[in-house]
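What follows is a short report on a single structure.
Going by the order they are written in, the chains are A, B, C and D; count residues from 1 in each one.
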Amino acid sequence: MRVGVLTGGGDCPGLNAVIRAIVRKGVQDYDYGFIGFRDGWRGPLEGDTVPLDIPAVRGILPRGGTILGSSRTNPLKVEDGIRRVKENLAAFDVDALIVIGGEDTLGVAATLSDEHGIPCVGVPKTIDNDLSATDYTFGFDTAVNIATEAIDRLHTTAESHMRVLVVEVMGRHAGWIALHSGLAGGANVILIPEQRFDVEQVCGWVESRFKIRYAPIVVVAEGAMPKDGDMVLKDGTLDSFGHVRLSGVGEWLAKEIEKRTGKEARTTVLGHVQRGGTPSAFDRWLATRFGLHAIDAVRDGDFGKMVALRGTDIVRVPIAEATARIKTVDPKLYTEAGVFFG
Amino acid sequence: MRVGVLTGGGDCPGLNAVIRAIVRKGVQDYDYGFIGFRDGWRGPLEGDTVPLDIPAVRGILPRGGTILGSSRTNPLKVEDGIRRVKENLAAFDVDALIVIGGEDTLGVAATLSDEHGIPCVGVPKTIDNDLSATDYTFGFDTAVNIATEAIDRLHTTAESHMRVLVVEVMGRHAGWIALHSGLAGGANVILIPEQRFDVEQVCGWVESRFKIRYAPIVVVAEGAMPKDGDMVLKDGTLDSFGHVRLSGVGEWLAKEIEKRTGKEARTTVLGHVQRGGTPSAFDRWLATRFGLHAIDAVRDGDFGKMVALRGTDIVRVPIAEATARIKTVDPKLYTEAGVFFG
Amino acid sequence: MRVGVLTGGGDCPGLNAVIRAIVRKGVQDYDYGFIGFRDGWRGPLEGDTVPLDIPAVRGILPRGGTILGSSRTNPLKVEDGIRRVKENLAAFDVDALIVIGGEDTLGVAATLSDEHGIPCVGVPKTIDNDLSATDYTFGFDTAVNIATEAIDRLHTTAESHMRVLVVEVMGRHAGWIALHSGLAGGANVILIPEQRFDVEQVCGWVESRFKIRYAPIVVVAEGAMPKDGDMVLKDGTLDSFGHVRLSGVGEWLAKEIEKRTGKEARTTVLGHVQRGGTPSAFDRWLATRFGLHAIDAVRDGDFGKMVALRGTDIVRVPIAEATARIKTVDPKLYTEAGVFFG
Amino acid sequence: MRVGVLTGGGDCPGLNAVIRAIVRKGVQDYDYGFIGFRDGWRGPLEGDTVPLDIPAVRGILPRGGTILGSSRTNPLKVEDGIRRVKENLAAFDVDALIVIGGEDTLGVAATLSDEHGIPCVGVPKTIDNDLSATDYTFGFDTAVNIATEAIDRLHTTAESHMRVLVVEVMGRHAGWIALHSGLAGGANVILIPEQRFDVEQVCGWVESRFKIRYAPIVVVAEGAMPKDGDMVLKDGTLDSFGHVRLSGVGEWLAKEIEKRTGKEARTTVLGHVQRGGTPSAFDRWLATRFGLHAIDAVRDGDFGKMVALRGTDIVRVPIAEATARIKTVDPKLYTEAGVFFG
């Protein structure tokens, strides 16, 4: 048995831990051979491979990133892509593929597995925690820890100068990082993409904080939008740069707060530091367990499935089910957090 | 409505986050009054209280320890204890008690609530994660992160000197911290109280690691025991000091490994650093949610219950059920980890 | 003897450690009384004070920010400012002032002490490490540690996607944070305000890094400028926002690199996280020693002086000397670092 | 020119940063060749080498330990040791040796260089900061940061249970780590090897802390001794194990405090975690600069010298001078810290 492994999409702490667990268990318990495909689906598409054995995975557990590289290449959008993938898998004698990725990367795996007979097992990966069918994905806990530490640090700056500090965190479509780091960091306002926010209400929370001589911290997901969406466009911030990340909602909101409340406001955009570096203990543990269970799914010939966390158990679910829609923040959870606003 | 709050047993990162959430929601949403009892059950027993309102809980979210103090006082073992608790609760006009603690502290709450009509709601607390009926307890993730960071650091020392490093972590009756930090830290041997270990087998794993020019890390829970338990006693380490913590199984095991393999071995006993200091983001989030749901249980008059984590939901379970037996490591999980031994 | 204390300018980890050391030694060894002035020079200007005794400084050693608050108020620029400061000091029976601040705040202290007979002792404070007459200022080591950790994290993201990552760090006029964190983080390019950079040369370094299949990290101080300074202005980034911090040289440089090399480039602007939160051990030690020596200077009646670090000794220098010019990066040090470029 | 490099003695964060800087500058600026000797002086003694070039030093900057391995082998104590070292250096065409180590390792370098014509340049390395002739050595700042973080964590445990916590840190002959981490961590008692302590006085400080309802932290260097030294021996702790590290002065002191004050006391022995893992930013910077200057000394033919930090400058001093006596804590510094005791 020869198993191919690839990692696709944005990088995420824990990818290497998954790869290591797959290889350790596959070689030691099942005597499988492995081959790494470089840069996500580009690897099988172009036949770009890298050797993958136990020495190759030594020492990678605590390292961020992925030793296999990553890309957003999608063979379904490339002419003759499916045929080329099939040919390369055959050329390298690959009997099964383990695909570690997010919605897009796994979506390809679902199609190839379900419709084209390419035996794939999926491992869910997203910093944003927005994949359905799993309680958590690895990388998320690391990102939340980093964001929380940053919020901790910003509190003292806010207090010393009695300023508003707006912290923009990751989350284009789901507010999980904002919600968790905002709660953990003691933010006074948390804004998520799932619910358009009212700038006046935000300013009210900000002012009520100042009234008790404390300085407010506003945590905003990069994908959060004000109720009157045009505001953002009129200001021109979003479209002149096209970078939500650097001149996005955080910067815009800080200016609005300054204008409306007369208080100084500053923005910090955490950006890529949230997704790099060594994984938290939880993410290493989850990624390792995902890897061990993924290779078991291969052994069982249980293709088209993705490993997932349910409570403290690792289960298997159809990849297609997991990628059908993103998992957004339950309105009840957001309401629950509201007791800390203002 | 006037609600008493107490924290009992060993301290644990996240206690203050629970207290803050209870008070914030209780005051803001339900207009309750609060009173803090000092040092666990000693507070209601002796009528020792501290004011508890919103200003009292400001800024405590990121702080370890407990602003209410803690103790292991058990009113069931004190003459007239139950009557004195009842009288003091009446004297302070307390309508309900929220009890944050582990097996012992919650056991008292179960008895007082179920048999003596004292309305208690429980919040589970244990570094060791060994309480039944909840997926996780706060404090555990922090402890695992600290232990994992220590293991990360010890790897480089082990490699530089080609020595065995034995790391003794918390866990008298359950090996959760050892299992999670051992997996996350890339340990080569993990020993837990649930399964007696064979020193010869441990030495075999150690030697196989040296054969490939790597140095082994052995993670051992403080409560782990060798198969021939007499060994420990014969060596005299345990009984001359009576401190498992400082001259316990880690120290004993390092000497055995040195003696049997001829390799240098060193021990590090992590001790109290695992339970102090600022909580991890996960623990702040979990503790906060436990607090919010505990005050909801009080509002609902749902006494004799404990809040618990199931997947990503907070549920309520009978306190008595949660404290009936400790939650030990599932043998399947330990076997799963075995692929990384040696 | 009654001593006033104030903290001015941007906040900086270690301010509270200075205050604590001053009060502990002043009260215990010299039996002095203390009074805190709020928000830098605004305090003595407006007579806004806060009690300052041993209980007030308990537990503040590890906390970022300043319990006294801060501002950039300058009594020399306020009508009748000097007279008002004098009157308020007299009204509060203040015999001496300890002024903790950077160039501006200390500059006021020098003038008031040297020309107006107000007895001041200075303590140097700047994240940027750009004060003359002292080897280091507290806050700098913390900032460098935070920036270095961020660079560590960004390496893995850069490698996984083979992208350029531009990290913008603090330093408007001096490149100390960029130089130290760039060296410590293994950056491939470091750009500082002291030497205008050549974008073509930067692109050359970037490309030479990709040639060996590694991804480059570019660390740029917020005050760094390209050789042809007009470029920045022409692009409009700086003046349309007027925020060097958020849409400044880092963002501009990433776009230039993308345009000229065809490689993807991303920017991270670390911003305020560099100046908040708990101080590093070095900064706590330095701040504590500065505080102890500042109160000794008061006892000695050695006014108009500032405490300073020379090697491992704390010495006293005229405040005026320390604030005469900023301490920029020695060209030799920058050349020394150049061996790691590319 | 062909340069040999070796690392000797206990491992220390920053060793790899030195090696990387030496090789980067030596290859790029001077076109030198390099060879690594394995395990300190054992390498040249037995001719055990490892290739050392730019690819070999990639990515090692942030890693603790040493890629060259280490040992305490001393060729001066081995029959024919000097001759064998000479022959091996000749056999491998080595023109100069860079020796990175502490007192013992550098002492050999001084003898070989001054008396036997083997051209050596030294780089000082000691966690304990006890080498003369340099303000600091790399590794020390990392150790102090780790110890300070541990003390931060222990404060909350001490407060929650109103217990004494004794923290034993490294330092057999010099109390630098205890002094710096004790000051930075807000310890209430600091005990160093340079001054025998009076247990009664320690108990007095402990009790005065409890009087104001705070719990005391006692930081003790592993080499600290009570005034009546026999106490330790009588208790049998030291000699039954011969391990100061694990059953040493910390454990002994906690028991004495319990016995004399009646307060619960616990010990934490930080041990090897202080010397492993990624170096702090300061240590990476210092180690890098030491490496750059060491290769310059080789280029200048300035043998028998060691690089050293003086203020912010790197200078050269005779190795023999640096190793003549250890640098202990200046009594004035210890007295200065005394204001925080009790």
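Methods note: a contact is a pair of C-beta atoms (placed from the backbone, for glycine too) under 8 Å apart; a residue touches a chain by one contact, two chains touch by 3 or more.
Quick caveat, the model's predicted, so the values are computed rather than measured.
**Student:** Among the remaining chains, which ones contact both subunit A and subunit B?
**Tutor:** The shared contacts of subunit A and subunit B amount to nothing, since no chain touches both.
**Student:** State the chain with the largest centre-to-centre distance from subunit C, centres being mean CA positions.
**Tutor:** B
**Student:** Averaged over CA atoms, how far is the centre of subunit A from the centre of subunit C? Could you give it in whole Å?
**Tutor:** Chain centroid spacing, subunit A to subunit C, equals 34 Å.
**Student:** So how far apart, in whole Å, are subunit C and subunit D when each is placed at the average of its C-alpha atoms?
**Tutor:** Those two chain centres are 30 Å apart.
**Student:** I'd like the Å distance between the centres of subunit A and subunit D, where a centre is the mean of that chain's Cα atoms.
**Tutor:** 41
**Student:** Which subunit A residues touch at least two other chains?
**Tutor:** If we look for residues of subunit A contacting two or more partner chains, we find 152.
**Student:** Strictly by the criterion at the top, what is the full list of touching chain pairs?
**Tutor:** Contact pairs between chains: A-B, A-C, B-D, C-D.
**Student:** Which stretch or stretches of subunit C touch subunit D in the complex?
**Tutor:** So the residues of subunit C in touch with subunit D come to 21, 24-25, 28-29, 58, 61-62, 135-136, 141, 144-145, 147-148, 152, 180-181, 183-186, 214, 278, 280-282, 284-285, 288-289, 292, 310-312, 336, 339-340.
**Student:** Using the touch definition from the top, list the residues of subunit B that touch subunit D in their complex.
**Tutor:** Residues of subunit B touching subunit D: 10-11, 13, 15, 63-66, 69-71, 146, 149-150, 152-157, 159-162, 165, 241, 243, 246-247, 251, 266-273, 275-277.
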